[in-house]
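These are the structures, in structure tokens.
Next come two complexes built around chain A: one with chain B, the other with chain C.
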Partner chain A sequence: MIEQYLPALSTYAGDIDGVITLIAVLTGFWYVLCNIVFFGFIFRYRAKSGASEYITGEEKELKRWVTIPHLLVLVCDLFIIYGAVRVWVDVKQTLPEQPYATVRVVGQQWAWSFVHPGADGKLDTADDIKTVDDLHIVKDKPYIYELVARDVLHNFSVPVFRLKQDAIPGRVIKGWFTATDTGVYDIQCAEICGIGHGVMGARIHITTEEQHAAWIAENTPANLATAPAAPPERKPLAATALAAR
Partner chain B sequence: MAFQEKRTAPAAAFGSALGLVLVAQLLFAVAAVAQDGQAQDRDAEAASGAELFQLCAQCHGEDGGGNKLYLAPAIAGLDEWYVEMQLNEFRNGYRGLHFDDIGGMRMRPMAMTLRSETELKNVAAYVAQMPKTSPAKTLEGDVDNGKQLYVLCGACHGQQAEGMEAQKAPALTHLDDWYLVEQLMKFKLGIRGTRPGDPYGVLMGPNSPMALTLKTDQSVRDVVAYILTLRAADHAAAK
Partner chain C sequence: MAESVPAESAHAHDHHDHHEQSFASKYLFSTDHKIIAMQYMFTGLAMGLIGAFFAYAFRMQLAFPGMDVPFWGQVSAAEYNALVTNHGTIMIFWVAMPVLIAAFGNYLIPLMVGCDDMVFPRLNRLSYQIFLLSAIVLIASFFVEGGAFGGAWTAYPPLSAKAEYSLTPLGSSIWVVAVALEFVAFLLGGINFVTTAMNSRAEGMGMYDIPVVIWMIVIASILFMASVGPLVAGAVMLLFDQTIGTNFFDPDRGGDPVLWQHLFWFFGHPEVYVVLLPAMGITADIMAVFARKKLFAYKTILYTTFATGVLSFMVWAHHQFVAGIDPRMAHVFTITTLLISIPIAELCFVYIATLYKGSITLTTPMLWALAFLFEFLIGGVTGIFLGASGADIYFHDTYFVLAHFHYTFFPIAIIGTYAGITYWFPKMFGRMMNDTLGKIHFWGTIIPFNCIFIPLFFLGMGGQHRRIYNYENFPELAGQGMQDLRVFATVALLVMLAFQVVFVINFIVSLRSGKKAENNPWRANTLEWQTPSPPPHGNFGSEMPKVYRGPYEYSTPGREEDFWPQNAPS
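Right after this comes the complex of A and B.
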């Protein structure tokens, strides 16, 4: 139902949508029922000729109107807790045993920056690819992310993954995702972090393994350094500068 | 206890609740239509520089005097062409898109909030006409050594650090010393001025005459200390 409005592109997106739907249906049922009862009472006890009576609600048969729904709602809670904890353990408490790669996600005011492993597949080596605003990952591969914050609280939110995780300065928070389709989608900040919070957006690029390898080859720092980057303006400027000296 | 007041008819209560819902929906619809219209002729409805500056003021201060705590430098009275150029550089990612450009990453999304070329020009013009502020000195440096080193800078920035538009070199006298040091270090380390396609940042980049001249951190502080002494001359020239 929810995926009609927002694509569901992680392996656990369906589970999270399921919990949201379960909660919406259960609370929706009680919402509608309560309104029917309340409006029914309004109609039934509408103004009539003769004096009105104040009801304290202390009598047993009146208290039932509170006690019975209360117990029934608690039964509904059990379903929600069961459904939610099952998904929580899978999404938040478990990490894939054979991850394809680990990426570092860094939140700061007001941008997301990312460290991707280079061709060696390892983080914190010379061929790491650091980017701002763009996260590149491979479809159908389990990824672990290491989430850090450089200044204040942020929240790494990928709506199409149904993923939200707080980033906390001083902590490294690990989590995982497996994308189920290719494309370019939004990354947001979902924890108020200052005046630029609302414009703290980034993109996730989900590609095939071949496309990703090509991206790595193109963006590996060593390859970039050999690319011709000499500016034409520099020489005349240096000449004038030295002449002035 | 008996409740004696005459109550209003329940039908009226129900009616007003229904009415509220309908009115709320109508308001949403009107707001949505109004927003559509706004998107179509943004340029005709571009915000004024003063309006746009309200956002800048959150970090740069009401007087544009800057706030080190927010990594926001003094901007009041910067040359209009320079403010425009830098806003464009933030917008196209020449600034604020490097992994270690902490201050730039704060500014880039702010520059992105400008909705049109007109708005960009409006806010640049507003910043340019603001009275210059004199940010306090926060660093020590050897002014005499700085003066020697500055000769090279003066080729583009002017011997009085008054700036030269033709060289795309901004005036430096009314910037914060901490900001100048930070930017020189960013240039030297390749955090600023190294994006592919950036035509002007590269003039100050890691292989520029600047980086080759200001070899040590101390030389950076010295030249900045000297630049701050040029502020008085700028004030005298303004009179």
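Right after this comes the complex of A and C.
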């Protein structure tokens, strides 16, 4: 259902869409059934069709028309709980055992900044690549993200991954994703974070391993120092957009 | 007080209502539950106008970003946040609560349980006065330096706790004070409702003879009183964080921002049922009257309502699945949340079953009651998507959530209110409302309502997240297709708002020159209809009613009339 609107580009996006479809089918069935009965009664038992009948609702043969559907609703609930919990455990409670890399995602009023490991594949070393507004990752590789916030709550949302996670100041929250295709997509802040919330977007660049290696080579701080035309540190999108107002 | 009143009110009746009361003492400082109900209702409806105006202003900005909104001007990012924040705050705390619980509770409880006034009339008056003060305080926040609070009605810290983050140094504090005052008002009111319904029932009225609407208001009051404590504590902590530099919610100094979320939602979720139950009660009474049917399984309704109330205390963290709580907690709250669909589904089934073999007349109040059920059902089934942790990862904070809860709160606060007003108007004011205008207003509200919020479901499925003043900054949300849906929803809102004029006209014209209402124009059983319209001070004259049967004896076999008032001797 969601794929009509947004491509599903993480390994678990399809599962989340699956739960949504499951719920849509089950609730849709009850919704339609209720409405058929509801409108059926309204049309069938209009005042002109005669007087009303005295029914207390305690009659066994009538009450079972409520109790049996009721138990069936419970059964549907169990299916939904099972589906939801299964996906949840996969997305939120497990981390890949052998991640390709770990990236740090930093939310602050009002921009996303990212720390990528450099050629050594490790965070917090001299060759880390820091960016503002752009996250670069490799397709088909499991990533762990470390989510932090500098000031207020933010929410790291990558709609094409179906991923959302609040960032909380004072905590490091870990999660994971594996992208399944290349491209450039939105990162949004999905928790109100002040007047710049509406401009707190970023982009995720999913590339092949070769492209990513090239990007690393190009952006490694050591290389930049020697390069004649080092790109100036980018101003956060948010700052520019707000200044423009 | 109440003990001494029967004699006093009998006396008052002989002498036409306490001799000449001045306008102020009769309408401003009255302790009469009916006047206080009207005060709550008109204040609530006036606040509703403000809340609707805010919705108009920010919907215009969403449909036509950067435009000069008529009567407002350009909506800046800060103003947008303040508008959505206060739209939510007002609609829930200053419209749904005062109108559904306070106005209908005040008006109906003494009349329907057959007593002359609330048990604590002065407390009742104080409750309204504090409520009025809270409304004034809230509105004042728009006129202070830095503007009104814009951190969403949920007011998550650290944003709400620190002026350097929220940029509204005064607005945030005034907002917290207003909300806390409002809670005090409703605590006072709640004590009154529960005590009156339990202690002042007419002779002969057993627990199972109490109309469902009264039960629902009582249960709602209990839910409110039991859940609001933690939030009041939280509000005080937040106010201290804002003003005197404590750090309850500041992680750098040993506080925890997520603590607020627990306190807020521990109250916030029962709060949904606090306003839902009175609306469901109003609907139940109206459906029984206009289907000329006994409510299907009265006791089942009561027990499921109790079950809903108890369960509603155990679901709060479904608002926080992705908020950084221990992910294992999500399982518990998914299960409890899905379980609460059981009593709610039961209620919907029982309501529908009440129509079975009825004799249905589609009067304006009945249309509203049926519409409540129809629309609330959409709100109910879409809630399942959000209560299921796995699906909520995607839907959290999108317009899907927004559309979902408007499909619950709109039926509650707007449809429930219109149902109640159109149904009890003859009793309240002694005149009938115009049915044709009522139906025009009904269709002019219901059709645009669906046109506003169905597109928002689709926007939410497309990933549009909330509280963004301009989607142009997000490439995936800036497409023409999505913008068209936003424009459509805004136009539908304008149409719906325009149709509310019909209601105002109908209200005023009927008030002045509507057909005189009989005591019991709907041929209903409950006690409020067995006294003059409008009821005199003291409600029932010199002789208080005596109750012989339950409230829903419609179409009883062997009787000529298809109704059987509760106080009619057999």
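To be clear about the criterion, the second predicted complex is superposed on the first by the 207 of 245 C-alpha atoms of A that agree within 3 Å, B and C clash if a C-alpha of one lies under 4 Å from a C-alpha of the other, contacts with A are read in each partner's own complex, and residues count from 1 in each chain.
The definition used in the following text is that a residue touches a chain if its C-beta (ideal position, glycine included) is under 8 Å from a C-beta of that chain, and two chains touch if they have at least 3 such contacts.
Bear in mind that the values here come from a model prediction, so they are computed numbers and not experimental data.
Enquirer: Does chain B (first) or chain C (second) touch A:Ser113, or do both, or does neither?
Expert: Once the two structures are laid over each other on A, A:Ser113 reaches chain B alone.
Enquirer: Have a look at where A:Thr102 lands relative to chain B and chain C in the superposition and call it first, second, both or neither.
Expert: Touch status of A:Thr102: no partner.
Enquirer: When the two structures are overlaid on chain A, which partner does A:Ile42 contact: first (chain B), second (chain C), both, or neither?
Expert: Both partners, chain B and chain C.
Enquirer: As a test of reading the superposition: which chain, chain B or chain C, is in touch with more residues of chain A?
Expert: Partner touching more chain A residues in the overlay: C.
Enquirer: Give one of first, second, both or neither to describe whether A:Gly196 is in contact with chain B, with chain C, with both, or with none.
Expert: both
Enquirer: Just to be sure I read the superposition right, which of the two partners does A:Glu53 touch: chain B = first, chain C = second, or both, or neither?
Expert: The answer is both, since A:Glu53 touches chain B and chain C.
Enquirer: Kindly classify A:Thr11 by the partners it touches after superposition: chain B alone (first), chain C alone (second), both, or neither?
Expert: neither
Enquirer: Quick check on the superposed pair: does A:Val132 touch chain B, chain C, both, or neither? Answer first, second, both or neither.
Expert: A:Val132: touches chain B, not chain C.
Enquirer: Check whether A:Thr207 is in contact with chain B, with chain C, with both or with neither, and answer first, second, both or neither.
Expert: neither
Enquirer: Return first, second, both or neither, reflecting whether A:Thr178 touches chain B, chain C, both chains, or no partner chain.
Expert: In the superposed model, A:Thr178 contacts neither chain B nor chain C.
Enquirer: Under the contact rule defined above, give the chain A residues that sit at the interface with chain B and also at the interface with chain C.
Expert: On chain A, the residues that contact chain B in one structure and chain C in the other are 42, 46-47, 51-54, 109, 195-196, 199, 201, 237, 241-242, 245.
Enquirer: If we count contacts the way the header does, which residues on chain C are in touch with chain A in the complex?
Expert: Against chain A, chain C makes touches at 76-78, 80-81, 150-152, 156-159, 165-167, 251-252, 256-258, 291-300, 321-324, 327-328, 330-331, 334-335, 338-339, 341-342, 345-346, 348-350, 352-362, 370, 373-374, 377-378, 381-382, 384-385, 388-391, 393-398, 458, 461-463, 465-470, 473-477, 554-557, 562.
Enquirer: What part of chain A is in contact with chain C in the complex they form?
Expert: 1-2, 5-6, 15-17, 19-20, 23-24, 26-28, 30-31, 34-35, 37-38, 41-42, 45-47, 49-58, 62-63, 65-66, 69-70, 73-74, 77, 80-81, 83-88, 91-93, 109, 151-153, 155, 157, 159-160, 162-171, 173, 185-186, 188, 190-199, 201, 203, 237, 241-242, 245
Enquirer: Any idea which chain B residues touch chain A in the complex?
Expert: Checking each residue of chain B against chain A gives 1-4, 6-11, 13-14, 55, 58-59, 96-99, 101-102, 105-106, 108-110, 112-113, 151-152, 154-156, 167, 194, 196, 199, 202-203, 205, 207-209.
Enquirer: Given the complex with chain B, which residues does chain A contribute to the contact?
Expert: 39, 42-43, 46-47, 51-54, 108-111, 113, 115, 130-133, 150, 195-196, 199-201, 227, 229, 231, 233-234, 237-238, 240-245
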